[in-house]
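Once you scroll down, you'll see the structures, which are given as structure tokens.
In the two complexes below, chain A is the common chain; its partner is chain B in one and chain C in the other.
Up next, the complex of A and B:
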């Protein structure tokens, strides 16, 4: 009994330490973003939102934030659409080279981002896309489509193929069956994919750094600032980015979780 | 059949999947207003045939014609042949009402009319109380009704049913069976129903198409199939038959004697072929055609046998007998008759006389 308690206590402590190790930098960033002192050091110089004011007064940071939001929004919509289409093709058709097809779509996150970044830069340079927000979005879409496809595929695995055939049997054309049956069924996964791919894009640095040129996204702007001077504004930006990204991921998780709940109740 | 217009023709239809032949060569016709059962063991091609009628599978050979027009290449959404699926295939994210409206919506029916029509069918099938429920809140029997309403709301001239009763519990199955028969009678449309159960097929259908290994074994009314099986497979599949193997001996006068472990019996010689004396034959006698007597009466075929076991199936009793020669006979009699027979109480070990007339048995083709 005692040994059991001891073991439980040790496990609890270990878990707490691990979580502390992971979250300490983030938590300290958020805490020091409210520190009145210029340097992130103790003693605490008093609570202040001046660094947040400074962030929102800095036109380059604002520009970066807006660019990031535009790119994240475009990425989320286009990647989710393409991800759905890719997953549906995988669900619905059998064809030669299907394994290669799905592997190719799933590949980009496995490629080191430096290589993806350089490749995007040279390729988009030829198309005249480098240095534009469109260029950054294209890079992010390539990176995000696999996540969207994975989410929709998971959902489609639960869709009885007879359901779509039943729609045809009731007079629905293939298009009507996709819009009236397949998409509504996949909606939770599609919404989750929109939030998750937005988060992927919002956080992404390497491709954006190679491709963005003067149209910097927020992560690129932050690095540029770090190269100049260490400003406490960085902490404020970090806190904002953390909150935005976490919200997107949590919303995506909740949407996927609801689905799992419902399907487990069904069986 | 009041109307014998040929509606649907299945003409030498085949379906090949890679190397395997799901349907080898199937031909039959369906008249307007018939209740046809496609019956057979699993894998016999009955469901594939139904799916080809619905357009969900395309035949690899032969032709399907509706009112004389070739149907093979018509897309499923262009045919008006709604299917009640074995697993119902209801849309899980739509309410009961919206499931039923789905087909009407595809036809561009305005929302008000659609609602009215859906409501009519929900009333008719007794599910109006669940109109706004989700599918996962319904019992199996209720889902079955939603599936029926969804198909019938399209007011088709032909309704396809794939094992419609297999997912229901036995009590509900019997109720739904008579409800399907009533619906068929009231609507006057053609029903094509796939089932593996001969009791379901016989209870509901006007005509039965019995299939095995991708081929039609027999087409006929339930009575014809029960009384005159076309071959050994049919005789065994529909159950309730005694198959006696023996040697034929010509007895003259249109009669044939068959000798075997059961003794010696007389039956009418087949009129469609000549049986040589000495030929190996199979004689079929339906279990409900055999009487049990305490002593010989001197008419018909009479064989002495010992009672092995009795099985009560509600209002009927199946009695298994063993003849002196070691052959097994199965007899089915109404319970009331057994109770009032001089043999009563019937118990294992008892000796009885099994009797049937010469006209009751028939020969199977070799």
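Up next, the complex of A and C:
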């Protein structure tokens, strides 16, 4: 019995250590963003918001934040539309080469972003897109479409195909059936995908680093700051980014969660 | 159908397949008086594949990514086991939600925090000094790179392993226990084989992510020595030799295809034999 308790204790201790390793960088970023001292170390030098003031007084950081928000917004809208379309095609139709079709759309996250970055840079350079926010968004959409597709496809798995057929039989055009039945049913997933893809874009730094040129996004600015000296401003930016991304993810989660609740009540 | 089917595939074709194809084509181009010129030369391939710096970077990156996949898998397993079998469903759900958080927390910022933890005056050294240990210096060493790779991969590995273990049928485990199989033997002979697909998948992701990562080897490893992703970035940003950078990128893609194929074979291969 004693050995059993010992083993159990060791298991819990190891789990706690591992979780500490995973979460310590996040927690410390937030805590030390409020530390008055320049070097993030103990002892605690007192509560201060001076690093936040410094962040908001820094024009390059603000520019980066605005650029990131623009790119994230564009990515969210385009990627969610394309992701919905791909998910609907996968749900509705059977055709030759469908596996290749979906695989091709889903593949980009499997390619290292450093490679996507250089491929985008050289290719977009030819189109005159490199160095523009449009160029960054184009790359982020490629990366985000699979996530949007997955979210909507999971939702569509709960939609009985007969419901759309019933709409057709009642005289609805295919278009009316989609806009009147399928899209309303998928709305929570579509909204969730808007928030999730925005978060994916908002945190992406490698494609943006290659493509953005002088139009830095916020993560690219952070990478540049990392090259310099220790700057507690990075902690403040990290905390701000954390709050923005987590809000997006929590909203997405709530939207998906509602779906789960409803479908479990229905059955 | 065309209205829905064409836009997504067109987008991914135009901005994913074509750029990658362009990347492959560019490995055969040449740089003449600082200008990229379409060509059909093997010179870039010959240069890179024969270059000592490429070979050592390739071996180094591969070894470190493999080591990371191994460390991440082994260290996450006891925690995944705890999450899947030893915790209340409520706690488990909460922790799984928490484990999604790192994916949406700026990875460069997490690396920055880790850098400060391990700095000479950092928290780690401050904690172990009273124990008479240290100071440890992992910054700008391969160990630092692996620590960074673990920051990147551990959340995903732990999540995937937990899902894999949660899908193991409880009856199977109870049956093993009833038949007098010890806990440790149950893990090795029942749980690991049943959850094999998920466990291999987790290790594969760890390898793929670390193999391509740029931030950890640069900021925690001090690019000392450089990894393949650092070679790419250097060639592009300073050297401006895109064809050579493309060769490095294409060798990385080929490597990942081979590794993923091998891991899929490991995950799904010989299943019937295992069951019989």
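One rule holds for everything that comes next: the second predicted complex is superposed on the first by the 252 of 267 C-alpha atoms of A that agree within 3 Å, B and C clash if a C-alpha of one lies under 4 Å from a C-alpha of the other, contacts with A are read in each partner's own complex, and residues count from 1 in each chain.
Note that in this section a residue touches a chain if its C-beta (ideal position, glycine included) is under 8 Å from a C-beta of that chain, and two chains touch if they have at least 3 such contacts.
None of the values given here were measured: they were computed from a predicted structure.
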item	value
Which of chain B and chain C A:52 touches, first, second, both or neither	neither
Touched partner set for A:210, first chain B, second chain C, both or neither	second
Partner contacting more residues of chain A (chain B vs chain C)	C
Partner chain in contact with A:113 - chain B first, chain C second, else both or neither	second
Partner chain(s) touched by A:171 [first = chain B, second = chain C, both, neither]	first
Overlap of the chain B and chain C footprints on chain A, listed as residue numbers	none
Touching residues (chain side chain A, partner chain C) in the complex	7-8, 11-12, 14-15, 18-19, 21-26, 28-29, 39-42, 81-83, 85-86, 88-89, 92-93, 101, 104-105, 107-108, 110-116, 118-124, 126, 138-139, 141-142, 145, 149, 199, 203, 205-206, 210, 219, 222-223, 226, 230, 234-235, 237-238, 241-242, 245-246, 248-249, 253
Partner chain A, residues of chain B touching it in the complex	54-56, 75-77, 80-83, 85, 87, 89-94, 102-103, 105-107, 136, 150-151, 154
Residues of chain C touching chain A in the complex	1, 3-5, 7-9, 11-13, 15-20, 22-23, 26, 75-76, 78-79, 81-83, 86, 95, 97-102, 104-114, 116-117, 121-123, 126, 150-151, 154-155, 158, 183, 208-209, 211-215, 219, 229, 232-233, 236, 242, 245-246, 249, 252-253, 256, 260
Of chain A, residues touching chain B in the complex	160, 162-163, 165-174, 176, 180-181, 184-185, 187, 262, 265-266
